[in-house]
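Multiple structures follow.
Next come two complexes built around subunit A: one with subunit B, the other with subunit C.
Up next is the complex of A and B:
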């Protein structure tokens, strides 16, 4: 019986891909070759199934319920005005990204030759160029925002993509090359509502001693789905701080992957994900040290309420070359309803002996003694619970680039708007 | 480091249980088929229900695939190249030990398991299993006075078929996994323990497993039932001779604890691990599960895993009764080319169930040591609590230590905590101890036993000391 069920699921999944491929316009533009490649791969690769260990907890039903078509956007719904120290780019703009603006000092567009050369390099280094969500993006993205970063870029680069119409797909592809000693702060905003699909593939190559501060705020609504891949290569003494927060998607799957190519780099990852209603939010992160003296500090927080489901899989790979690595990972989860579910699975693989690797995971509801303390100060139970939840979220949200505040993440995530 | 050479010499300490006993054995032809299953059953004179159980399991096994998700690698196992039944040739089980083949007694003496009356360990009853059959069980009469049944499973099938029919396969169903199905089809012997209502078992019970034949798989089956308010402590030990082929050991252990019952199951596993190049050794693919069926029941697993070429084993607790408690304490040591993928599953079903996991992995040489665990909190497990700790110690830069803890929770009023760390025996710690006049090996062994203390504390007295020594021995020469 099980076999029969999975068979019928496989049929709908394969027709979903066929239909999706049929809806795509003919490959064209600077990414023509990549599109061909992605389409070819999709027609060969079945939709990931829950029989695959990596997709065990991820039910793609919300995705297969959509019939998305890639199309540029015409709407900017609910966007705050950019602050003065923010340089905003609209990634779904009908024509080119810059739309007449000139890039701030330190940022320049890569030439098409350079794009040919660099695109996909980091995905391959992170071993995820053949992942299904990546192929989906490659099959449909018609352009890429490819930037070279030299020196310190003063304003925060804000990259906004919004899928607000039913039946659209927004494939966003970003490539950042940070030269030696460059530094950049990027804030990515992914908004989705209605029956839409947002697909993000971002690659970043961090040269020696460069510094990337990256924030991703992915806020969805309704049936909208989000599939994201972040691939980062770090050269020695580079610093990556990546903070992401996700809420509201019917299905959200985010896969950040970081490779320290020669060790000696610093990686800080912070994440907050909220699942309520019937939402499923899934993060599969992976950090690999290929040289000595790398550092990782990872904090992943999740709240599951109502009938929501939160999944976290955090792999850390420390091969023999990565002596004196110092890595720590903490997964903290709040389970607030008895129909919600939390699945968390750290994965630590170590083959070097002189390393410090620690990881921890907790799953619980709000602490009764903390609630009691606040109530003893005269707060009602509901206010006390709200305050604790807020505190739980803020630890991550405050690490987002300052420009994120304008998008009111806390209020939107906790429904205080 | 200068001391590394001296330790290097020590490493070549041979596996002292690697001898082969030259004894006439009654083997059936190699290969597995329905006829073989029937033959095993008829050799043991089993009732129909057990034959049906075996045949059902065999059919299920035929439809299953060998699991491949564990972080272990081995050549394909040819299940038709194996002998599924081997017994030392002797007549019916002897009434007294004096009649047992002296060669067998000698074997167990050499292993440090004295079966003869005058040499017995005080207050430990032993069931000795040689290849496929149980040789002797000591202290049976004394135990019977208390109503405790301790015998081989084949005898239990004859003498207490109702108990076997009632409990066999209820904790680990035959279709549970590939190796459990194989075991259910061809299991030969093992121990059966039954502690009646309200009885504290007056002595430690112990089973000693010995594989002697080179081409035989050992498929033993252990079933322990503790009725309401009963308690028992059980210890399992195992060794095998050195062969340059791999032998399969696919056991199934089932524990059943009713209301207020308590079962403590300890294992010191020292199967032959193969040589330093990974040739030979036992494939230890074992399914162990305890079922806390009753309220306030308690099951505790303690394991010291030092042997086997490959260990694939996840002693688990299904915590069904309210307020039931599951514990898992493990030390897994791998050296040379050994591979271990071991851990536990704590399935919280009932309310206010509690579990503790303490796992210590030590990897040396070119070995790979993985902790894989699951803590699952079901929707009805209100107030459940779990605490897990898994620590790895790495010795040398060629060994791998992996940790894969799964946590799944569906109950907000439950709390799950997991922590893990990795450390090594560092040069400065060694230097410190050596500067205090402590010899190099002693310093290493002190640090290893300090690392494992939480687990050794859970072992019965006699075995804690043994485990400590075993570990020191296994590690000799690998630190430098």
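Up next is the complex of A and C:
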């Protein structure tokens, strides 16, 4: 019986990928070769299954219920006007990304030769170039936003992708090369609704003493699914601060991976993920130190309500070469219903002996004493719970680039809009 | 101020309560009228905080007997937030820290909840800022505390001032202050006591829970109650507090022992 069931699941999965590949247009454009390779890989590689350790908690049923076809978009639904200090690019635009605009000082497009050379390099360095969600993106993305960053870029670069129509897939591919001492703030907005799939693969290479502030706001609705990979290579004395917030997707799987190639860099990661209804939100992060004196400060927060499910797996690798690494990882979770589930797991692999690595994980309910304190000041139980949830979220949300405020993340995440 | 004709605000009759399976309050009787200041004293563990939390409606405590009437209504029947909106205020012995929730926002929402109940209009952000700045002077508190998260990282004294600030904003009819004086240096004590005196009026009443005579040197109580073993063992005037200061609590323990044998 069990064998028969898993057999039929396997059949469905392989049919899904066959159908997906058949719906794709013929490979073309600057990423033609990458598309061929991605399709080739998908036709051989089975869909991730819960028998694999990395996918143990993550059922792909919401994804296989979709029949997505990559297509450019024709509309921007519900976008706020960009603020004055924001340079916005629409990643699903029917024409080219720039659409006549010129890039702000410090940003330039890579030539196609440079793209050929650099694309996939950081994915490989982070050991995720063959991950299934990456192959899915490579099989379908027809273009890449590839930018060189030199010096300090003044405006915030805002990259928006929206999948708002049933049956569409929006594969987004981004490549950023930060030269020595360059600095950039990027805000990525990923919106999904209806029966759609948003797929993101972003690579960033941070040269010595460069600085990247990165925010990702992934807001879904309904049956929409999100698959994302972020791969970052950091040279010594570079600084990465990446803040992401995810809410509302039927299925969201995000895999940020950071490699400090020679140590001595600073990595700050902050995340907030919310699951309610029957949603599943999953983050698998990995930070690897390949040299000494690297720093990591990671905070992962999650709220699971209703029958929602939150998964966090935080790998930190500190090999012998990474002496005097200072890493801390904290996972804080709020469980708001008896049927909700939270699985959180640090995965520390520490071989070096002279290191400081702290980690902690808490799963709790709203605290009775906090609720009572607010109620004793006249706030109803519901308003008190709302304030506490807001307080929990705000710690991460206020670390997003300032431009995120226009998208009203808190109101959307708490359903106040 | 004792006035026989004043309205009774709070009437506690034979109140019994337990936490989990442990009985703590074993028959408390206490009547508080408008204009009065009461002090409750007693050793650690005698049940003073439990009494205050039961009155405010903390869910950890179960009332197993007796009654509490607040301005004629059954207090124990009301949710904690309704009690607060109707003018019952508890200043916590250990004010709770709430990370991520702005103190200003919290004060505004709670003030408006009380105002609505009194039939007054809600204050918008600007009108509220004016009010809060005026009330800050009562406790001589730095406006910078408004921008922080509720009680987060406040020192003991700052938390207590924040409690009195809330009291000043909520304009309660019955204020229960649970050891608001402990952990305060003499200057902070004067400020807090000054705030309490400033807010006391013939229409409201205050119940001070304290260990120390020094608070009662600055706030003169009309009644002093001694609590032991979950009961009020004795009631007197302000001289009872001086007697406790003089003789200590040993005689209270002896009286309690006699009572518990009986």
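Some notes on this structure:
The rule is simple: the second predicted complex is superposed on the first by the 417 of 417 C-alpha atoms of A that agree within 3 Å, B and C clash if a C-alpha of one lies under 4 Å from a C-alpha of the other, contacts with A are read in each partner's own complex, and residues count from 1 in each chain.
Note that contacts are C-beta pairs under 8 Å (C-beta built on N, C-alpha and C of every residue); 3 or more make two chains touch, one makes a residue touch a chain.
Quantities reported herein were computed from a predicted structural model and do not represent experimental measurements.
Upon superposition of the two complexes on subunit A, no clash is found between subunit B and subunit C, which fit side by side. In the superposed model, A:355 lies in contact with subunit B only, and not with subunit C.
With both structures placed on the common chain, the touch criterion links A:364 to subunit B but leaves subunit C unconnected. In the superposition on chain A, contact is made by A:346 with subunit B only, not with subunit C. Of the two partner chains placed around the shared chain by superposition, subunit C is the only one that A:383 touches, whereas subunit B remains out of contact. With both complexes superposed, B is the one of subunit B and subunit C in contact with more subunit A residues.
In the overlay built on the shared chain, the residue A:15 is in contact with neither subunit B nor subunit C.
In the overlay built on the shared chain, the residue A:375 is in contact with subunit C alone; subunit B does not reach it.
Taking every C-alpha of subunit B against every C-alpha of subunit C after the fit on chain A, the minimum distance is 13 Å.
Put simply, subunit B touches subunit A in their complex at residues 69, 377, 379, 392, 394-424, 426.
The touching residues of subunit C, when paired with subunit A in their complex, are 56-60, 79-81, 83-85, 90, 92, 95-96, 98-101, 105-106, 109-110, 113-114, 117, 149, 166, 170.
Taken in their complex, subunit A has these residues touching subunit C: 368-370, 372-381, 383-384, 387-388, 390-395. Residues 53, 320, 323, 333, 335-365 of subunit A touch subunit B in their complex.
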